[in-house]
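Right after this note come the structures.
Next come two complexes built around chain A: one with chain B, the other with chain C.
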Partner chain A sequence: MSAPSSQRAHGRALLAELGVHLLVLLAVVFALYPVLWVVALALSPGDAPEPRVLPFASHPSLEHFAAVLGVGAGSEAGGGWLFGRQLLNSVLVSASTAIVAVALATPAAYALARFDFVGAKEGERALLATQMFPGVAASIPLYLILDALGLLDTRTGLVLVYATTAVPFAIFQLRGAFAAIPKDLEEAAMVDGATRFGAFLRVVLPVVRPALAVTALFAFMTAWNEFVLAATFLSREETFTLPVVLQRYVGEYDARWGRFAAGAILVSLPVMGLFYALQRNLVRGLSAGGVKG
Partner chain B sequence: MASLTLSQIEKTLGTTPILRGIDLDVTDGELVVLVGPSGCGKSTLLRTIAGLELPDRGTVKIGERDVTHLAPRERDVAMVFQSYALYPHLSVRENLAFGLRLRGETSEAISARIADVAQSLGLEKLLERLPKQLSGGQRQRVAMGRAIARRPSLFLFDEPLSNLDAALRGEVRVEIKKLHAKLGATMVYVTHDQVEAMTLADKLVVLRAGRVEQIGPPLEVYKHPASRFVASFLGTPGMGFLPARAGGGRVKAEGVDVALPDGLAAHEGDVVLGVRPHDVRLLPNKTKGALQLTVDVVEAMGFEAYAHGHIGGKPFVARLEGDAQTGVRPGDVVGLDVEADGVHLFDPKSEVALTAPPARTKGAA
Partner chain C sequence: MTGSVRRLAALSGLAALSLFAQLSVFSGDGAPVAKAQDARRTVRVWHAYDEAEARALREVVRDFERSPEGQPYRLEVLHVAFGAYAAKLESAIPTGEGPDVFIDAHERIVTYVERHLVQPFGALSGRERFDFDAAHLEALTVGRALYGLPLALKCGALYVNDALLPNDPATLEELEALRAHLPVGTYPLVFEAESAYWDAGLLHAYGGRLLDSSGRYAFFGPAAERTLAHLRRLVDTAVVPAEASGDLVKKLFAGGRAATAIGGPWLAPDLPRSLHWHVAPLPSVRAASGAPLVPYVTIEAALIATRAREIEGARAFARFLAGPKGAAVRARVARQIVASRTAALDPELVRDPFLSAFRRSAEHGLPLPTNPRMRSTFEPAQRAIRNYLRGGRSARDVLEQGERRFDDLVRPLPAERSPAPALLVVSLGLLLAVAVAVRRARDPHFRLAVKRSLPAYAYVTHAVIAVGLLVIAPLAVGAATSLFAGAPGNLHYVGLANYVDVLTARGGALLGTGSFWLVLLVTILWTAVNVALHLLLGVGLALLLDRPTLRFRGIYRVLLVLPWAVPSYVTALAWKGMFHRQFGAVNAMLSALGGEPISWFARWSTAFAANVATNVWLGFPFMMVVTLGALAAIPQDLYEAAEVDGATAWQRFRLVTWPLLAPSLGPAIAMGAVWTFNMFNVVFLVSGGEPDGTTDILVSEAYRWAFTRSQQVGYAAAYAVLIFGVLWIGTRALGRATAPDAAGTKS
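Let's turn to the complex of A and B:
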């Protein structure tokens, strides 16, 4: 190969690379633009943000954060106590939903993946059908049921409601994970001296751990972000979850955008943290290497 | 160690009968190899012995115990899977320890056993690794080690070498043979590699479509195949089969005129003559021989050569040794002599090997 042509090829490759990076940059900006706006709003003092193109706060201040957290000037009646309580509600409801979903879905998904039993197919189809309805469609019957059970305005009630959609979803996720585990592994464990349940505990569960983590994370996130049902079933401020709290900042008569934005950022932080902590599980292969690939 | 007795094992999966009445005796310390074409039920039989499949009929006895209805863990067998089935979340050490822990061995006993097994299989440096950090050959050895560490009364191997390359397979085959000698263990070994079958087996079992076609010492089975199926299954290149007519102590067909050895001389009528490539001798200078082979291709292997061609329209392969290989060219018609004990006759319909003279002839005489 002659030197000039190789140089030209090199130049072209460089240009192509630049083009790709530019495209990625554009996509990132496009995706982040609204987020940056939220950050800017949260940092801008006052409640009347002037519309502009570039999302930067001209006089950044933490006053909205302070107000949301209930410290410093302009905080709500009840102050920090209330926000803390609502944060706790969100954490408890979301974590319980995740635990209930994974705990119930694990045996169900395993059975569906491994055993042939009467009604397996029909059951699976029924589960799929529940996923096709938006949760809101069931809100009125759910309201009546919760009312009858005396669970309106309680965290337990909300967890039950969330579980109705989280469990089927988790079953689907985990069924795939279980089906991907070679049967040989369990059989090897049983020949080695384990009972069927022992093989499940000692071999199957550890191997699907990443899938369990991811499934729990999704259930947690869905519950954490859910607004419509929470707003329907909760009416007392002490039982609110954070999305409901946030929405109250932007009321019919006054829109406190600054607080809303600060609250939104505070609400997304835990989920971001969870994602960061679990990201290795999100990408890790399930049973890499155990059985010859 | 223990013996194994299978009687009248039948198993249907779905609607297909997979095992159709299998009887098998494995004596204490014997290495029995099950061979047969893909899908003939080898794995299913092994899984039945392990307790992973429940037979529809028949009994499985290990030693004096009837284990037909016992769970796998109660049978004291160890199995090496074709996929190795190493526990992906456990280190090599933990893989080896898995079965021992479940059996409630003390941790000193476990460490000692692992050290012993690791040393004999050369796994010492790999003990802390995860399965995904091992090569195929290393995984295979861990799988073997996991079985050996258990010291079971019966070892089951399901094509343990089929995922290794040819060179490694040869090595491990020898290792298994040594291991068997050292442990004196009872082993049932499934393969469809006939070199493994011939070299490892004390006793060879040829399965065909869920039935035992022939049982015997490997050389015995090789030399006296009970049917055309067994004959075609063992030996590479395979035995040539030539439809012919027997009569007057000879078999004849186009390009075929072979004298029958004593035991077979009385046969009359249509037969299939079977001759292995290794049982013919090339005649010099294109002399007319018992077989007239039209050569299509010559494969030179260095120490020997194979002449592929046809006799009377049927494919046939002859092994050529020594100088003979240089002279033969595609298109040549060469004469071959057949060793007396290389002559096999099969019934053209039932494909069963003909040995003693047929009853009909006896009655007429």
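Let's turn to the complex of A and C:
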């Protein structure tokens, strides 16, 4: 190989690299643009709309954030104390949902991946079916069930509803992860004297930790963003979760988009943080099972 | 393991502790201990008021609790989001978990009475009778019983910007003439020109009605045609902005970009101090021989719920709230046009130009008909108006279509059938199931299999119980609703009539607008286009990001999953705003590039494209992350081997990457397709079915039947069951066609 041609190859590689960056940057702009609009809306102090290309606030102000957080002028009664309480509700409900959903789904997913049992096939089909049935008609029966259980208007009731709706997807997710693990792993542990359950707990679970983390994240997000059921089931300000509060900024006659946007950003930040913290697991956890299918 | 997992584990531990604390401390009603010692009886009040009105209500509550009649009571006020109000009342009141008193508009009372959600208020004293207008009490009366006390009147009036218009306009034509004197981007008049509610003012001026006094749809004929023609003139000459929402009306007027605005009293609190404005009566229309615009008037009332636990307290509070004392506070704090005559006669209120202008407007207004059919007139009328203003169709054509739609919405429900055949089928089925179960239980092989399955059951039982009780049971009950017709609380069994109606397109053309089959086709197209684009974008980006030499991969990856982290109802609304014809960023970009602005939701193709853009944006990160994971699992030496063999990049992708990627993408694609098929948020929030319901998909159509079209829950449930059927068959067929080997993994 002569020197000029290798130089040309190098140049081509550089160009290709540049092209890749350009393409990815284009996608990044596409991904960020609407989010930046939400930020701009949150920072604009009730301005008249301007047809603009660039999503930046012309006179940035934090007044909408202050109003949502309940500090400063125009805040609702209860103020910051109430917002804190509602944030705590959201965190409690979502974190509990994640735990309950994973706790319910993990053993079931393991059984589906490892045991051949009567009813496995039917159960799996029923799980798949729940994902296909639109929930439009289910909210009134659910309300009656919660009422019968005495769990209406409690966070516990909400957690139960969210966790069970998250279970089918969690089972699919985790079953794949379990199926990807070689069977010898727990068999070796059982030869060493562990019970099946002990092997599952101490040997298998640690291996699928990324998948557990991602499944928990999904369940967390289901609960964190849900407002239709929450608004129907909760009847006291102190039990409200944040999306229910957010929904109230869009009233019958009056939509406070600035506050809505500010609230939306505050609601999104924790999830963004979790995504960032879990991004490596996200890639591994989501695909752990898929490969062996 | 990595730090993040440990962090998550710590977080989980914390959350588990808090869950425990929550279960033990807050179970039951969760009321703080201090309240338990309060001897006062609790009266629950629900409302959907916005800020100023909510503040006024709180002040009245405080006054009431200090007054002699309110002393025995403690009030618990709940502000429910307007969007959740009706659904919440309907599910809570029948179980006794609802409010004692709630505030709602008079035109809903008939519906509430039919569903047994409200109870008669009881007799009024002579003084109270005198305090309220007889017409207002009449509007709250169903049969011979009075169902609530009137609180305030809501109607439109003309807001005038003093800087742009020194004198009140006497006629609409004067405002049209103002066009020539105002700069581009500033409008002589802003109001929601595409809303049937606001356009009714003009229709009334021309002598027309949306619903006549005997409950027949009346939005057709010469008056309606002249109204449409006048509206089009207003929009075409830019006297009125096109596609204005209530929000835009407020922003344009508040921003000094409108000489006048037609709006309700709720517009006032948001106008900046720097703006000089006043309220005037609505102008008259010269073209309608000088008749004035006649707005609809809504009477807001305090209603007593059935199964109220504290009826005496509820009545006492409603009396206080509606009476002179409560009304004075509401007029002062929220500037409501209060119904109490004693309060309204207060000299200070009489002198208030704002309140007196609105009061005059309300006196000339037309109370919104209480007929429950009114609810069914808005959708057909609104669609007729939009079709006329946005499309090039003739007035007669769109009005006739509206009439047909109305007839379809209010056509009688299927007749009640005897449930005997269904019961017979169900009992035969049960019998058969028992017989099979008994036979299988006797079968030694089966018993052995069950015995061997016992350890597995230990792992699945709790999940089965939880999912069975809280997911499958409600869905099954929901599915069973499809055999009934009527509104919630008033259902009767109709057998398969709902299915017959849906599948025969309610007797219309099988592929006509809004028919099940056409919507199904749109839904399938919607799913196919979205999944294809998700796949293209997701896999493409994953391949780019998978290059180990690429710098900033970590940052790119985080930024690209951002659409996933923001709640979809927020970003869907942001996208809708970006597609706005006059103020959206997309059209701003187009005009910066020298293009013409597009009315995105006026044509099917552009509206569909806007929906797709939004949903692709929401969904590609999931596909990208799944692909990245699958790519990481492909052994590197395969690529090296391919390179040694002299394979080009494309060949490497086609022969190595794709065959290994495809099987692991399968489940993700199936899941994505199911989610997209039922992606309610995007369709409902972005295009809202525009134009003319043609971009609706099956779920959003089901939602409309359940909630906006006279609440035919049974009919909506039939849609839901059919959606389920389509998906079930579709995914099975797709699974067989694409992965014949996958079927053999475990069977």
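Here are some notes:
Basically, the second predicted complex is superposed on the first by the 252 of 293 C-alpha atoms of A that agree within 3 Å, B and C clash if a C-alpha of one lies under 4 Å from a C-alpha of the other, contacts with A are read in each partner's own complex, and residues count from 1 in each chain.
We adopt the following convention: a residue touches a chain if its C-beta (ideal position, glycine included) is under 8 Å from a C-beta of that chain, and two chains touch if they have at least 3 such contacts.
Here the structure is a predicted model, which means the values were calculated and not measured.
In the superposition on chain A, A:201 makes contact with neither chain B nor chain C. Within the superposed three-chain model, A:188 lies in touch with chain B and out of touch with chain C [touch as defined at top]. Using the contact criterion defined above for the overlaid structures, shared-chain residue A:92 touches chain C, although it does not reach chain B.
Of the two partner chains, neither chain B nor chain C is touched by A:62. Contacts of A:216 after superposition on the shared chain: chain C is touched, whereas chain B is not.
Here chain B and chain C are compared by how many residues of chain A each touches, and C touches more. Within chain A, the residues touching chain B in one complex and chain C in the other are 206, 209, 287-288, 290-291. Every residue of chain A that touches chain B in the complex is listed here, in rising order: 182, 184-185, 187-195, 198, 202-203, 206-207, 209, 287-292. For chain B in complex with chain A, the touching residues are 47, 50-52, 71-73, 77-79, 81, 83-89, 98-99, 102-103, 130-134, 136, 139, 146, 150, 163.
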